[in-house]
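The structure under discussion appears below in the form of structure tokens.
Chain IDs A, B, C, D and E follow the sequence of writing; residue 1 opens each chain.
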Amino acid sequence: MQICRVVGTVVATRKHRTFEGAKLLLVQPLNIDDTPRGSALLTIDGVGAGVHEKVLVVLEGRAAGEALGRKPAPVDAAIIGIIDTVTIDD
Amino acid sequence: MQICRVVGTVVATRKHRTFEGAKLLLVQPLNIDDTPRGSALLTIDGVGAGVHEKVLVVLEGRAAGEALGRKPAPVDAAIIGIIDTVTIDD
Amino acid sequence: MQICRVVGTVVATRKHRTFEGAKLLLVQPLNIDDTPRGSALLTIDGVGAGVHEKVLVVLEGRAAGEALGRKPAPVDAAIIGIIDTVTIDD
Amino acid sequence: MQICRVVGTVVATRKHRTFEGAKLLLVQPLNIDDTPRGSALLTIDGVGAGVHEKVLVVLEGRAAGEALGRKPAPVDAAIIGIIDTVTIDD
Amino acid sequence: MQICRVVGTVVATRKHRTFEGAKLLLVQPLNIDDTPRGSALLTIDGVGAGVHEKVLVVLEGRAAGEALGRKPAPVDAAIIGIIDTVTIDD
């Protein structure tokens, strides 16, 4: 799973029927020190996350579908948790 | 999921029987600022997208197969939505 | 899916029993302008492709297994079409 | 599978119900010579690993779900072993 | 699938019960000209490969599990063949 920050929203009125009503959030993957890493990606929100929140993102279709409680949904990324704290033990 | 722009079409007359009739579109992944990111890739169109449209692409076999409504199709990428707006909250 | 060119063949006499008889082809992923992109990879041929042909390659285990008509085969890449034309609309 | 070192822990109180109680560990992928490789990632602990231990990490949803003994859990990475020794034969 | 060379072995006494007894081999992905490419990775041996042998590696959980004949095993990479010859047709 990846640590990401929610950075935006996406509206797609014409979309595959199995995820009508799902919330599309744009997230930016983060390094451990909270700097951005790579490109932003689109996820389906499975926990009610908001913009600026640090979240736990699962990147895999089967797992993302499970997160939505709709196994056959055509998704490959989902927000599955809101992160409270990250503790690094060097 | 990735934000991409449809940039072309591909014709393959000899192909696996399970996706006879499917439309093959070439899409270019985009950064948040709409600049191209990485290489173009081939997708199956699940929503009736057209060239130049900004689309939502799912990159995973199970999910892509679901998008086509033909679960056992041998695909790994599908267009599952047409993007209306992307809103970035910095 | 990826656009690739078939560049070679691989012989492996000792292999997993579920793909005895399958043809192993080495393919080179291509950019839109037909220049090579990244490293060559090994695929199972699902459509009777030949060396030098431009092909459609699916990169995912479930999908690749479907292409062979042997769902439980341990494969992660398969050739699923022969490409006739690629049209870019800038 | 990847060789990683456990480098931290993550707390996420609001998360998908299927992995309530699961332990989230931050791991750093390693090269053969134990130098860090790429970015740290979040895994679910399937074997009772501790911080600083060198572990075996599986990166794939179905496999990670199996490691937890909860197939439908929305996870894409899990710790499945504690590494004792790595022997390189040049 | 990837062409790799077996470069070492890994011992992990504490591991997920479903792959007790499985042999863990460290493999180095190769370019077509046999030079190393990227980082070494851990695989489960499905064909009885030995150190220094050039092997065929499948990188995907479902496929890797099939290679072991234990579908639900939490693995994401397996050796599924020993390579005899690679022929490049330029």
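Observations on the model:
Everything that follows uses one rule, which is that contacts are C-beta pairs under 8 Å (C-beta built on N, C-alpha and C of every residue); 3 or more make two chains touch, one makes a residue touch a chain.
None of these values were measured; they are calculated from a predicted model.
Between chain A and chain C, the least number of touching-chain steps is 2.
If you lay the C-alpha trace of chain D over that of chain E, the rotation comes to 70 degrees, to the nearest 5. Our note on geometry: chain B versus chain D, Cα centroid distance of 31 Å, whole angstroms.
The geometric centre of chain A is 19 Å away from that of chain D, both derived from CA atoms.
Taken residue by residue, chain B touches two or more other chains at 60-62, 64, whereas all remaining positions touch fewer. If you sketch which chains touch which, the chains form one closed loop in which each chain touches exactly two neighbours. Traced around the ring of touching chains, beginning at chain A and stepping first to chain D, the chains run A, D, E, C, B. Those residues of chain A that touch chain B in the shared complex are 7-16, 18-19, 24, 26, 39-44, 51-52, 60-62, 64-65, 72-77. Across the complex, chain B is touched by residues 1-3, 29, 31-32, 37, 46-48, 56, 58-64, 66-67, 71, 78, 80-90 of chain C.
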